[in-house]
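Two complexes, one shared chain (chain A), two partners (chain B, chain C).
Moving on to the complex of A and B:
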């Protein structure tokens, strides 16, 4: 590596890290965010407010009610008055269960008990889950375990048998944070110089075009890798996320991902004339990419007409890689095919930036 | 000595308006972006799973086992595939080719027809993808019932029948709850970005120093800067509202006046947050980093948009209170779907108002400190 390029890279690093506030934003905030989100979010829906309306003398109903509150699924809301609809409408309860007036004890004996469930469906997902919880508890309403029927599904969840939320969320949140930090940093770096006029100075330096692009890429990849290690440490030490694959696979995948996002940032930077345009560009990339990372909604469900957009999202491949390496040990086919796609993206965006860069200069 | 002259704030606002009109970028960001993204994601996000890939390893190859796979695929939730090498079925999971493996043992058909015995079918699910696996788990009881009825001809009576009534969204259309949520996230984020960058830019190119040398007071500058963006933000809300009502037919049961008032408070909170960020950082790159970090991920993950606040640990019930989108999420969903009035929403509205005051005061105070030598 020649000395000018070396010096250029050093200058870029020093310039970015000079401001102590930037150091905090780059290295401390990502860890804080990882920790916060990791603890906060749970894919399991819990503590729904439920009121059960029944006759106080109804023994079977009382026993059933206790069963509802014994798990963490429902919080007890005292039934007020005799209008379950009003209770749910006012928002004081998410759900109201109404036991028939003749009492559960008697209707169970007649084998035709019907209970009514009123749900606040303004959050459709929550309502659906609440209904499934209620029907699960009702299925055990008859005393004693059911004799197994002639046909039974024996379900086993592999890799994460207790369905721990953090195991699922940590890879997703990690990729979101990494993407956010690297894209914004890189996309604004070159346009800042264009705005201030220092860009002309770089061009007049004895550096080839590819050297300028390389000099703009390497420092941000280094920063991104340092972030990767910090976030990985926070993610795996604080939360019970297993690391079943080899470390080199993890670092290689992260490296390729960081290179891809940095090159995308560089492309945005070469296209935009000022920092505002860079901001618009990175927002247009970061917002859809994080939303389609697969932890908020199932990406495969997207309508066929626009699913292409999901396949252009580098986060999708990185999340697949992370989950596969952390939980399944990193299958070679998954590892190399996803890394291949990410590399292809990096090469394509670099080629575009190079052409664009060339045009700007001429 | 608090002297606030509206005329001075007005001239700042007029200058800012001229600035905005000259700059198509800001208008596009405020009006176009939320509209396009709400339409795109309103269309893209669908929580109802269909055609989940499931691999079937059928060692039995009997009529009963074929019936079983048919029941799975007829449900519409699953798409059954048969592996080329049945002995390597675990590899299908390792290679992310399937969400689960259904294993039918060789004696399945025989056990099913012999009385008193239970024919078991093993289903291995991929725990690496919680959201998909929990969806599958919620579909399975229905499949199990359908299969038991069809394979054995016996109808099992449920001990207690459940009749459910879904209020506010009877057909459980997930768009009805996604679109107002998405609008909240986008409007909040764009409000922050609008002021964060424009004001930081003035610091960078020195025009802020110029403004400070005039007799204008900090509060006048802040008010003058924010007002035009409030109008711009409300314009963005109008577009998003039209997209939600016309594009996705989301019902609107509440009062429009209340909705506009709440939007106003929410936009003000975002703009003040952006202003505070730009007064503190005075640099576009830092301002952008801070706005995205404080605006994007918290409003996607901690506002109750997808992950309900009640399911979070207790600490976060309080912690999320400092996020404006968490409150507006309740307001937007409440007004759109439930027709909630001021009585039900007084808490969230008050929270937004408090945040407006706190953020605005903080920005002004910080601004004042910068003025003093």
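Moving on to the complex of A and C:
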């Protein structure tokens, strides 16, 4: 058995590392993805275009306006004419703040100041963030020099004190890449054998089903672990993602996850007839898996029926594991429960692909 | 050891409603070169794949090297070599890497691998460096290498499915020399082919049509049996043979007239041979020829479709 497995490992490594397309998938794709998510994409929204409409003689309004532009959140857009709607509709401003016509100084004196905020919600995320910034600034402005009220909120932000989205996103992207790469590699390699006819040489040898399945699994687990190390190095060195948990926890979690995804790849290949179908099958799995993993959107907010599906998603457990180990240091309960679920999944997919795998051509 | 290398009884293989191999029965002796001849889709490949353990018989039985399919065909697979009509080596691996993967599949030790590759590379006369990627080798050399990989574990029975398709004529001659060398060493070779000159080199030929065995004999016997009467070849030498052909077709002493390239092959009753030969118009030639396998093939396989 050792000889057969050895032969498969040598062969798959040689083929994968020699193929320029596979090298791109293994080494370039992860870097491009991480750069995109780490640097370019950010859930923090800054530099919103805001126009404030007020009477130039209104002192309180002028002071308030200065507060808006003093932070990095808003960019000054000069109000033109007296139609804030037009400014927002044309896209020259994301938001317009309209001070009452009598002036802020006078209405504050009557303690009845109502300002109007006009928001462009064609991008709902942006609008929501703009609204929360504006209300925060208004709240601090209202408190002003007066003594604080009975409650004061003292906020302490844990694990990611500056709330940088890259620290949150990069572990997510790492798991997404690992999922994509291992599933594509494994399923494509198996269907390539069938497409080219080399599968006939394998099944003409006196091998048990499990020997062939193991031979097509173990090499890709190894390649997946190699990619894990690469992705971890890039994530920590380039994107300053902290590694607070022990390395063995990280590698163990990655190993169990890679075993799960590789067996999913085998399962996909037992359903597909050629490489294209395998590629399509892999994407059909990876896209919903990514969306429902909690990498970008929290799973807890999804409708109940969808949550059931989300809980069948191995990526969800690995993202949880990776964030917990990297950012929080790896809580034992989180570690073992998530690894346990992943192991169950690996066993289930292995059993399924074992049932679907045939050595005969009938 | 069972006396026959392969024994097939009423072997039937179906894919759904389609019967690819229909009640096939024959036996192959040790040391024989046994050829399967037939049109595409006649069931040759299915028969071979079944005998190699890649397919299961739907009905009937087959014993290969005395073994059946009880254990999933694994023992059987250990005793035979199979060279598919598809190229089964890895284009993106080197010569050596391919051989060592083939050895791994058969669990051969590194010593056996080293010894056998040495022997086999000498046997096939491989001159290319062993670290060449297989995709850079010429077609004929690739086929010889595939043969070497198929017999790496020294099987007693070798199945070759159209081993020389798409290979140059010179490479085909070389390849058949290798096949004969193997049978001289006591190996049994079962081969399918499209080429009549290759079929001539088989000890016996099984002619297949629509999954059925329609004839099985040595090339000489096949010719004798299919053409017990004299076969004549008409060469019109540029003249219009139609009038003469019509006369021949009306002649009760003529059994069959078949176009054969620019010529015609005419089967006649022995008693009418002289009369027909002397009736040839001036300027055309009509002479007795020995039947070729192609005549046999046309008569037996294609003839029935008409």
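Basically, the second predicted complex is superposed on the first by the 341 of 362 C-alpha atoms of A that agree within 3 Å, B and C clash if a C-alpha of one lies under 4 Å from a C-alpha of the other, contacts with A are read in each partner's own complex, and residues count from 1 in each chain.
Here is the rule we use: contacts are C-beta pairs under 8 Å (C-beta built on N, C-alpha and C of every residue); 3 or more make two chains touch, one makes a residue touch a chain.
Bear in mind the structure is a predicted one, so any value in this text is a computation, not a measurement.
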| item | value |
| --- | --- |
| First, second, both or neither for A:10, with chain B first and chain C second | second |
| Chain B or chain C, by number of chain A residues touched | B |
| Contacts of A:200 with chain B and chain C, given as first, second, both or neither | second |
| Which of chain B and chain C A:208 touches, first, second, both or neither | second |
| Partner chain in contact with A:359 - chain B first, chain C second, else both or neither | second |
| Partner chain(s) touched by A:128 [first = chain B, second = chain C, both, neither] | first |
| Overlap of the chain B and chain C footprints on chain A, listed as residue numbers | 19 |
| Residue ranges of chain B touching chain A (in the complex, touch as defined) | 25-26, 28-29, 33, 37, 40-41, 43-50, 91, 93-96, 112, 115, 117-135, 137-138, 140-141, 143-144, 147-148, 151-152, 154, 156-170, 172-174, 176-177, 189, 193, 197, 201, 204-205, 281, 283-286, 288-290, 292-293, 296-297, 300-302, 305-308, 310-313, 315-316, 319-320, 333-334, 337-338, 340, 344 |
| In the complex, chain C residues that touch chain A | 13, 15, 49, 52-56, 72, 74-78, 82, 84, 86-93, 97, 100-109, 149 |
| Complex interface listing, chain A residues touching chain C | 1, 3-4, 6-8, 10-11, 14-15, 18-19, 196-198, 200-208, 359-362 |
| Chain A - residues contacting chain B, complex | 19, 21-22, 25-26, 29, 33, 36-37, 39-49, 75, 85, 88-91, 104, 108, 111-129, 131-132, 134-136, 138-139, 141-142, 148-161, 163, 165, 167-169, 173, 176-177, 180-181, 184-185, 188-189, 192, 195, 275-277, 279-280, 282-284, 286-288, 290-292, 294-298, 301-303, 306, 309, 320, 323-324, 327-329, 331, 333-334 |
